[in-house]
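My structure is below; once you've seen it, I'll send some questions.
Labels A, B and C are assigned to the chains in the order they are written; within every chain, residues are numbered from 1.
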Amino acid sequence: MVKDPGVLVDVSKCTGCRGCQIACKEWNQLPAEKTKFEGSYQNPKSLSGKTWTMVHFIEPDDGNTRWLFRKHQCLHCNNASCVKVCPTGAARKEENGIIRIDQSICTGCKYCVESCPFGGPNFNHQTGTAMKCKFCLDRLMNDMPPACTKACLSGALTYGNRDNLIIMARERKAVLEKKTSNPIRLYGENELKGTRWMYLLPEPASVYRLPEHPRLPIDKIALRWMAGIIPGVAIIWGIWKYFTGSEEKGKGGDSDGTC
Amino acid sequence: MTNHWIDLKNSDCIMIIGSNAAENHPISFKWIQEAMDKGATLISIDPRFTRTSSKADIYAPIRPGTDVAFIGGLINYIIENELYHKEYVVEHTDASSLIIDDYDFNDGLFSGYDTKGRKYDKDKWKYKLDGKGIPVEDKTLQNPRCVFQLLRKHFSRYDIDTVCKITGTPKDVYLKVAKAYCATGKPDKAGTILYAMGATQHTNGTQMIRSYAILQLLLGNMGIAGGGINALRGESNVQGSTDMGLLFHIIPGYLKTPTAENIDLAAYIKKWTPESKNPKSMNFWKNTPKFFTSLLKAWWGEKATKENEFCYQYMPKTSGNYSWISLFSAMSEGKIKGLMLWGMNPSVGGANTNMETKALENLDWMVAIDLWETETADFWERPGADPSKIKTEVFLLPAAASFEKEGSITNSGRWMQWRYKAALPVGEAKSDLWILDRMFRKVRALYQRAAFEGKPNIFPAPILDLAWNYGTQEEPDVEMVTKEINGYDLKTGKLLPSFKELQDDGSTSCGCWIYCGSNTEIGNMAARREPIDPTGIGLYPEWAWAWPINRRIVYNRASCDPKGNPYNPNRVVIKWNGTKWVGDVPDYKPDDPPEKNIGPFIMTTEGRGKLFGPGMADGPFPEHYEPFESPVKNIISAVQNDPAIKIWAGKMDLFGKPNEFPIIATTYRVSEHWQAGAMTRNLPWLTEAMPELFIEMSKSLAQSKGIRNGEKVTIKTARGSICGVACVTDRVKPFQLNGKMYEMVGIPWHFGFKGIAKGCSANCLTPHIGDANTMIPEYKAFLCDVVKEVV
Amino acid sequence: MEHVNWGLPVALDLFFAGLGAGAFAIAVTMYLTRREEYSKIANIGAYVAPWPVILGVILLIADLGKPYRFWEMVLKRGGGLLMFEKNSVMSIGVWLLVIFICISLIYAALTLIKLPFPTEPDIRRKIGIVGLVFAVLVVVYTGVLLSATSNPLWRTWVLPPIFVLSAFTSGSAACIFFLSMRNDKIDPTIPKLERMNSNLILFQLIAILLFIILKLGIRHPSEISASCAPAMKYMIGSGYGILFWVGVIGLGLIFPLVSGIKHNPNRKPSTSMFIALFFLIFGGFGLRYIILMAGQAIR
């Protein structure tokens, strides 16, 4: 098994054939969703409990005709929000760094679903649990690459050791930067302490429907607690003051009212 | 493909025209990407901005059906700017050959046109021969009657301004394409052209391919690594089925189907064996008698003897055209009583399919052999039909899928690859071979009985005498079939190693001469899986087997100069080592030294690449004609449509005029579905990805019609109407033609009324008008109107 | 609706938890004043407090994909140890709720039953103080839970104060409601409580305004859309605009604010007062529901 596994997604090589999307469904035997054509090739529209990977079809509306494709799935962050927020420990990091949701423990509280900056985990209404890409852990254990990377024809997906992938990505970045004037970003190298799925992006991350600066939802959590506790305490203190300190005045006020 | 898939990686410039390779041949991008990684330029020329265009360095929009104009402009650009590969053009093509004085071209028509019969007298377009029958040449290319000068004159009318007025391509983009692609005329540069049905499915589709050929010959791109003309076939094994004689006019190995005039074997041989008196031409087709006789021996075995013309008279002779449109016209008129559909779904895939499906009602019986009950198999239950009024008896034979049977598949790169059976067929499904075998045995038994009973007016011999030896098992032995195709030395009983051994005296048999050598005494060559690449250019000679004789790049002699030195020393396909040609299997006599100066294009009668194509139905040079349904007048000549096309006049052969149907329409395929859709629209995962019919249109068209993205729209043509979801996108833009804007819609044609992903069939709209040479319907360019409300 | 992960049950839980804990906090504070005139409200609050919270927790459990696995949040597998994830606001919340429910039940019991020993008020007071701490934390938790997600609408520090303010107004409104139900006359504390509420409502309006401005105006590079404006626009415009402006702001906050000021003590509880209380309470629910749903509709 590859140590410290990762996948590099070179979006400049993706042809949007969606072999990865189908391969994932096939290997994991995920049911098809009922979809409609609503003006874009992108279907299903987003990840879900039954769709663990899908390709975004992006037509930027800026006068310069392009058609961009980005395979999306759980990024397997080293600092993973789902692991942090899971109240039962069902979402956890495996020894090789892969993030997995233990289906026998997950209570289906959906907190991870709402917490992930990438929309990775999603609720599966059939199983009643949160589900997401499991990096084909079962295949990895048997020295096989993840199903989606196996299906990729154009070289957009490369599976391997994460450090090697970063070296490879830097080389590719240099090649791409010669071709375009845009800076190329290796997304996921450092984001959330590094993600296992990394993207080489020739345009801003937001164009590719990724957060420019993904953050953990529990970042600055103390601020949020304090933002609530301070007013809470202040209100109680105010009530106390109001109902004790102003007794005479209050009574006077009341008697004024009765006059 | 003259080359093969892996070879795409050797290219410096890849022009994809009339093909959407990224969507319909996704594997191509593995190799295209590799070429691009090494600095190759990718050009996508397409009416729509496709997934292929999204990866291209240059995207050039083109109005459907104007490829000859587009390429004609490039030919003119090359000649005027002297960007052609001079030595190649002089030595390897017919540029220097003189043409007889009868040849002429005037305002859209070549000499010899018969207006009434809508056909040409091809005798007016011949090479000038000297007294010995050898073509007269002018190696300086200055003689005004030499092919090169005639070519220059013909295409001089295709200046960039005129071309862009026809194609609707912005001039600056056109120039970019011209600069990038024509740069491959340098001896060490390779440019390749990838095309598919976007080029062939036009009334002058064959001429489009001819224009690619001329372009490639001028640039010296034929026979070299990273070059060639590469037809991306529409199905995984359509190359194999064409090789085996799928079409009506050819029998296995591209031999001609006997016609009624070929009254005996001698007449057939005389008619179809080309003759050349030129000592510098190998004229490989001179071996036709050997190929044909061996084929007859393969079919009728011991019964085929010299005395009975090797059973030549058992072969049916044709007396007309039996192409797709002709068949359905005949069916429409009630002339055809029975139909066997083997993996065919004309109710979705055929042109003017309302008419074609209606024609099925005239049949007494129909057998559908397919994985699924297709729209055609169920045509009597189609929406709007009254089953009680349809007399056709329909039989559905469930067939096994490709992974449920053993056999070979020949890919676009001519590789014959062996596949093993991976799974059992579902239910009662059987392999095609099993079905065919049972059917044959039954027919034979019926003939036997009829013959025994002495029934009159039957001719049992062709059936009873047929050699049918495919084992005694329940399942016929597919390897025995391939051995028969490979052929035997009948004296020794051994399998033949190569078609060089074939004889015309009945001592050899061979079911398809180009496959001779595929299953020899060494073993099943198609099953080989050695991933070794001794040349370093990706030939992998021991991976499967390529016809002919495992040659990976055809015409490869042309990759070297007359002395036998490769034009590109870094990408050597073959070279002369002093005693023989080494590298790929040479497309040449392996020990013929360069000094003999034998022409490199051994399959042509002239031995050279043909810039001049006298065999074409509609002219020796490609000429732009408008699609049969076009919104504009032809501005390059007074002749609007290809003058040699057959115009059909059946009740349902309707055609639209631009005043009523002002919008250009084209059809296409998407990655997620396959052909007529039975195999993909029944799969939930693929249905999920591409659930229903959509119609791509520009934002300006949508705005003018008040259509919003995702709304339902109706498309109407003279032949029918369909409704689908509007996909309003920047990827489709109107064309500016001669100063006026013309809108276009694009419609995927996979859908039908059966399966999980249902939708209208786009072929309700397409016309019954075919190419002048091949009769393939003009699916890719017709006229329509777009209406917002749903019918 | 496939995209709604947290729907009505969660909105109800957030609301009920705030309501119960808010009522508890007010009741205990009243009790701690040791003033006789506040004893009624102190007792009512004590009786009312636990039940909405318990109901909320039941709804929360019912909303789980696997309700019968709720114990996974409390007990560790196999070991019998307690389950607690310090980074998980939900895990913290579970324990806050569990502890609060226990305390509030004990406190309610102590309010109802006089213990037969002299230190009884002391015990009630001490438990009340501890409960007060947990009540505040429960109220804050409902806001932090949402704000500690990656939801573009929820993710802001303004959400906890809004929820806190709202919890106190609905908590006190519930106390007033039950107090007035039992009495023909308006309790003298009620005008004071209402005046307090008016202040809280004002603060709440300010906080909500801040919430809107923050979400509409500031770029959020951590979000996929790089902006939270679409979700906010959906909440106050195209999606829940009417419900928000009419229901939450108009009826839920401004109407009680305006009608509450005019209340006189010693008069009979009027229908309009009950209506105002009703709107105040359910305005609190509406606010949570709209924020919850709008946040999930646009991402």
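Criterion: a contact is a pair of C-beta atoms (placed from the backbone, for glycine too) under 8 Å apart; a residue touches a chain by one contact, two chains touch by 3 or more.
Only a predicted model underlies this, so the values are computations on that prediction, with no experimental measurement involved.
A linear topology is adopted by the chain contact network, the touching chains following one after another without closure.
Centroid distances built from C-alpha atoms place B farthest away from chain A. Looking at A-B and A-C, the interface holding more C-beta pairs in contact is that of A-C.
Mean C-alpha position of chain B lies 73 Å from that of chain C.
Remark: chain A and chain B have CA centroids separated by 47 Å (rounded to whole angstrom). Look at where the CA atoms of chain A average out and do the same for chain C: the two points lie 30 Å apart. Residues 2-3, 5-6, 25-26, 29-30, 32-33, 35, 38, 64-67, 69-70, 72-73, 76-77, 83, 85, 87-91, 94, 132, 136-137, 139-141, 143-145, 147-151, 154-155, 157-161, 163-165, 168, 188-189, 191-192, 196, 199-200, 203, 221-226, 264-266, 296, 299 of chain C are the ones touching chain A in the complex. Across the complex, chain B meets chain A through its residues 22-23, 26-27, 29-30, 33-34, 37, 49, 51-55, 59, 670-672, 684-694, 709-710, 725-731, 733. Within the complex formed with chain C, the residues of chain A that make contact are 46, 48, 81, 84-90, 105-111, 113-119, 123-125, 127-130, 206, 209-215, 217-218, 220-221, 223-225, 227-233, 235-236, 238-240, 242-244, 247, 250, 254, 257-258. Residues of chain A that touch chain B in their complex: 12-13, 15-19, 21-22, 25-26, 31-41, 43-44, 59, 61, 65-69, 153-155, 175.
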